[in-house]
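Consider the two complexes below, in which chain A is the common component and chain B and chain C are the respective partners.
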Partner chain A sequence: MNKKAIVSLVVVAVLAAAAGYLYARRSVVAAPQVAAQSTSAGLAAARGAGAGGSTASLETGRPAGKIITVKAGEAIQSAVAAAQPGDTVQVLPGTYHETVYIDKDDIALVGVIHGADWPTLDGERKRNDAVLYSGNGIRVENLKIVNFKGNAIMGQAGNNFIIRHNWIANAGVYGIFPEFAQNGLIEHNILTGIEDAAIYVGMSDNIHVAHNEVYGNVAGIEVENSRHVIVEHNLAYDNAGGILTFITPGLPIKTTFDVIIRDNFVVANNHKNFGAPGSIVSGVPSGTGVIVMAADDVIIENNVIRDNKNAGIIVADHKSFANITPDPEADPNPDRVSVLWNLFANNGYEPITEIKALMVAALTREGPDLVAVGGGTGNCVLDKGALKTLGLGSWASGCAKTSTADIATYLLDKPAPPRVLKAEDRGKLIYSSVCAGCHAYNVRMIGPPTQVIQAMYAGNPQGIADYIANPTKKREDFPPMPPQGHLSADLRLAVATYMLGVSQPKPPAAAN
Partner chain B sequence: MRRSRLARYRLVLAIGMVACAGLFASAASPADGKSQYAACIPCHGARGEGVAATGAPNIAGSAAWYVDRQLKDFASGARGREPGDRFGATMAAAVAAVGSDKDRAAVAAYVAALPPVPAPAAGAPTDNGRNYFNAICSACHAASGRGNETLGAPRLAGVAPAYLARQLAAFESGRRGAQIGDRLGAQMRAVAAMLPDARTEQDVIAYAASLKP
Partner chain C sequence: MRHLGRALLVIAIASPGATATATPIGLSDRCPASFEQRDGRCRLRTAYSQYQSLRNAGVGGLKTGLPPFRDGFTPREIDLGRYLFFDPALSSNGKVACSSCHNPAKAFTDSRGTSTGVAGHEVKRNAPSLWNVGFLQRFFWDGRAHSLEEQVQGPLYGAAEMGTTPVRLVATLNGIPAYRSLFTLAFPDAAAAIRNDHVYRALAAFESSLVSLNSRYDLYAQGVGDALSPHELEGLNIFRSFVARCAECHTPPLFTNQQVAVIGMPEPSGRPLDPGAGAIANEPMLRGGFKVPSLRNVALTAPYGHAGQFATLRETVAFYTGGRGHAVPRGEQLRIHWHIWEPKLSEQELDRLVDFLGTLTDESFRPEPPTAVPSGLPVPH
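Right, the complex of A and B next:
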């Protein structure tokens, strides 16, 4: 070997070592830098950036807690148990078989992705939920979550959350599901194969849903019994229904209003509806881009809505929707819905029977871009003449508010305060933040309605408390009840007692 | 060796006894129930298709566990003994003729094995009927209306609407399901009260009757 060759070898070796060092350094250091930002700082940054571009985050200099690293073969839950508020649980690539439950505040659960290697929570179709949290200030990021029977990520009354950059496939109930929450950001997630809604914002306020891709689900994105929500820059395709906003009857919170659906691609949502038969979501007609049911003050602006075979947008009241029975405490009509400028193309080419009947009545062969069925007042459409519409008799042509550009986000400028809770309210909180995710009083969401459970367990709250700790499957055509054994025995009894006392007025009798 | 031969006899005898016990303990076969079913034919029909004039529902293909439970309830007086329940009284008298638990199980197995005969349509099913059926009844009777053994809920799909209407009214009035200790009856009574009005009851029944049994 001559001198020159030795020199080049040394140079190559040094370069390789340096590259290796830099690579190793990057892999170890990069993730903690991301992780070090607190959730509330991230939310503030999202707000500052107008939410849409929120990943360009700001550092606020808040002191972050320590980083606890979890490697393949270790349990994430052990790291969560060891974590203190402010800490980050950093999950390295590998496959994890567990349910993670976070019941403390200000924890970040952040995966580290190396090339194609994700930290993966695999439910193997055996486990119910992947990540549950009841703390405030929770961040869940960079996880791949597959094959759970229940929810991928469910928040239970956790305020100020960020759920970001997760890749979720095949869940039996919901994909990303904040329930009874205030102030939260759901962005840059991919979800597919979810048997109800991929992203389900339930009974929440001030939520921002942006830059997500949802396909191959029964419902893509659903905003239900929630207020001040923006759904923007998402891609919803090949679901049975693309983007939905509802008032579902029989839930503890009775309203949905101030929802903006803008700048989304809502394309070819023609997937077969594979929701559980008899459930509300099974009543979503396949081929529908956007559905507004009973929600008020909804603005639909600047979306591309095309190739949805049933209809581009359906605006419906409770009466006109399958599997819905009335809730006397909820207004059944969609009021003040504004359809501003959107691009519609090739919708309604294969509509359901009910819409066909409307077409016959309107003497048209063209399926609708926009169809309104049932009651509702104060609704308007900006460019009525440009659209194929049905049932818009009472709708104004032209809207008072023609743009939502003045509303960057409904996220709060300060973190929402945690809920103040008296001991006697614990049952109510758990009912609202956990049970009501699947059990409505008088209709079938995921589980049997609360009033039927009341009939089965009359005078026997302990029976519910025992059952929910370790449920067995009782109903072939319902998803299995997730175990709630992480709740203490007295909490389970408190919520069972509360559930047996929930009531709702009966709807007025119809004329015979 | 006498001892071993005796042991062998004993063994054979024991095996024989176990085998016989096994036979008796095994589920009643439909064939055993055929002769017993003759007592049911005047009201329920030879095919279990039901006879509208007698008020007897179409029971063909009903789950054996459900038929067996009802026969027991009629026999014990848990069902059909309220004053004024003339259909119940008829059933109670008929069931008295069936006799043993084993006979009842055999009849139930026979009925379960009969091919279902759907009831004549009770008018076109309505959205209201579907909505309430799915919202309330499907929790136990399944959205298909095929029932749920774990929950003790019978099939409703394709069952004669006049019979369903009478039972719903009986649960509401307490003619059925109101006896102390009747847990399933109490549940059904509470759930029947959730239907808001007479029209909805008719709609739900028409919808159930329209489902494929």
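Right, the complex of A and C next:
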């Protein structure tokens, strides 16, 4: 078996006339087992939340707040600056030229669409990202976002997010990109013209991606170095690659597992790959429906995967990806990948050179629905004989788990916990991490000893809290104290209370 | 003979007329700032302790927990480490201390492109700052060491750095009575003899006490909205944007993701390509790879790059918009990291990045260098 780079930078000849190929090829549909099909369909309905509805909902734990309205000509960022946790920034139709950043919790950024008039963030090809957030409980909804150099919507460690009903076109890197996030829902968005992945779930846990339409991008949906992710009911067409799940080496979080790709339409992803040179997705061969690279415990079920000219599904290890630098701390092999029932038709009619070589070796002239290259153990396909496959020597025919119907969503029942400690705990943290730099218990440092302050303010923490907000120079032989007015009144009181209770640390255990 | 002479010198200077058992220098029983003393051991306490991070990796956004930290040392271990750190007796010629290249007055660097060790030997790489090293999982520019204890042996025994040997190191320290008492205070089992692992542990204890997490950036991260100026905020947004992509590798809250990356920085003129991690892993695709450095206190640690190639931060940030692989020597085929691309940052954006990097400065818990060290040798600075 040729394990050499199957996916490489080799640019496949531009697809000249897809229609021609379509007509020339006989339509090959994997004959599904009737029993498997009906079981799957029945359970799919059972796990649905109603006709046309999402199968998942997300509880943000967001408090109710006020609505701040932004009109055309005003700055969205000013409204975000004024917003308190729980508030909604409501954006009226019009064109906005700014980067909106949300570094607080529980803010909803919601557009109002009047007929064909959307609130539009236009990056004019010179602004970097449209929406950046780091807070928990952020919702971004009903925005049209066009022409940004970087990402349309990017979250960094914002948990419990909802991104939905956005229309995103022509972003230089990613369309929707939550990173370092736990618990988030991405649904009912339209994305096109994205120069990397349209929807990119990166280094995140418990994410649900549903009912999105992604077309004309380098990659449609990518799940990378993430766990417990469901990608379902999406329409991915005319991308270079439709749906990808990877372990990308060299990142600080090094696993991908428990990913379910189901009930999607992955159709004719034959767009020329226009990814930036050097990007990981620039190595995705145009015409690939689904790619699993090094990810574990991936289940691919009940998708329609058709008319992808290179291959329906590629399952590969790191070595088989020509532009991947190895990472000794990341497992390079895809393990326990299950390809359950899916509808395959007309895939692999114009494969890349490396797949052609595999076809020659396998004495077949049919391009693959499913091709595996490189290492990996415990992989299975429901009915090997029903598919056009390559490289499945070590794969089992028949899978232990034949349906994902028991898993409605990996979203959390309760939101990821808030980031605020009780005031007394924060008081202790601030004392240790700030005050103790100048005040030791009974030794003179930069400021007077804590013991001396305790004697002065016994029973009067409020006195300390007031003083430190705006300190005045009190002692000739000490430098003035830097003001701590940036701390809220309750935090100043908490740290003052803690300071009055500090006692002499115990000496280390006696020498033995 | 030499060791004995040095030891006598200490006693003569530090404790004239003292009884033979008195120690000229004692050890602190207090934990440094940012640590809480619990059961006699120093435990890190920072505002970030209240936050989690995804899979405990210590990377994320503003309110994200830090990576696992090396704490739990005793105050005496830390303070003993401080004396050792500043003591040139640890080098072969008695002239170079750890602090020679990691000078606290220079944010624990030496402000040189590459450092100079014993007898004027040139070290081939830039001395990294030691602020926040207790959070690191790998050490040296090429990431070859995996603990502080392993790391300290590099400069101690490197011929071009401190140039001593394991045998010579403990012979020297055992010959200095003041160290015999100090080590016994910190390590009861050093009463018989000071061992090499005592030295490594004490130095590791001191180095891990160098915590810098009270910058203006940190205030902003904790929710103080006006801690940063409009220019600095603009810089933060460029820094974390997916055009500049700085935060993808210099990830908050430590401003490093601790990975090895091949980014194709130029070498100082006339020098061949430094293979970096590629030589350690024997992995051709990591050729020219270096550990992503933390940017905490970066405004104080010029010059920049693994060999100090860039004199200023402004030149350094401009490297990233110079074109993918633009500085790779001819004939080299480096596997440049995917985040190095063509961001086409404007001059103003580069200025704003430098503005933002200045907000990562915090030296509020800089330790005091000792006025005298147990060997009695002059403290280098």
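Definition applied: the second predicted complex is superposed on the first by the 355 of 512 C-alpha atoms of A that agree within 3 Å, B and C clash if a C-alpha of one lies under 4 Å from a C-alpha of the other, contacts with A are read in each partner's own complex, and residues count from 1 in each chain.
Everything that follows uses one rule, which is that a residue touches a chain if its C-beta (ideal position, glycine included) is under 8 Å from a C-beta of that chain, and two chains touch if they have at least 3 such contacts.
Only a predicted model underlies this, so the values are computations on that prediction, with no experimental measurement involved.
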Touched partner set for A:Leu343, first chain B, second chain C, both or neither: neither
Which superposed partner A:Ala82 touches (first chain B, second chain C, both, neither): neither
Chain B versus chain C as contact partner of A:Ala72, first or second or both or neither: neither
Contacts of A:Ala361 with chain B and chain C, given as first, second, both or neither: neither
Partner chain in contact with A:Gly437 - chain B first, chain C second, else both or neither: second
First (chain B), second (chain C), both or neither touched by A:Pro449: first
Contacts of A:Ala489 with chain B and chain C, given as first, second, both or neither: neither
Partner chain(s) touched by A:Arg475 [first = chain B, second = chain C, both, neither]: first
Touching partner for A:Met203 - first (chain B), second (chain C), both, neither: second
More chain A residues in contact [chain B versus chain C]: C
Interface residues of chain A shared between complexes with chain B and chain C: 276-279, 323, 325, 443, 506-509, 511-512
Of all residues in chain A, those that touch chain C in their complex: 81, 99, 101, 103-104, 128-129, 132, 134, 149-151, 154-158, 172-174, 177, 179-182, 203-205, 250-253, 276-280, 323, 325-326, 328, 417, 419-421, 425-426, 428-430, 432-434, 436-438, 440-441, 443, 486, 505-509, 511-512
Complex interface listing, chain B residues touching chain A: 127, 130-136, 138-140, 142-144, 148, 150-151, 186-187, 190-191, 194, 196-200
Interface residues, chain A side, partner chain B - complex: 276-279, 322-325, 442-444, 448-449, 451-452, 454-456, 458, 474-477, 506-512
Complex interface listing, chain C residues touching chain A: 29-31, 33-37, 39-41, 45-47, 49-55, 57-64, 74-76, 184-185, 188, 213-214, 219-220, 223-227, 233, 237-238, 240-244, 247, 251-252, 257-262, 281, 283, 285-286, 324, 335-338, 340-344, 364-365
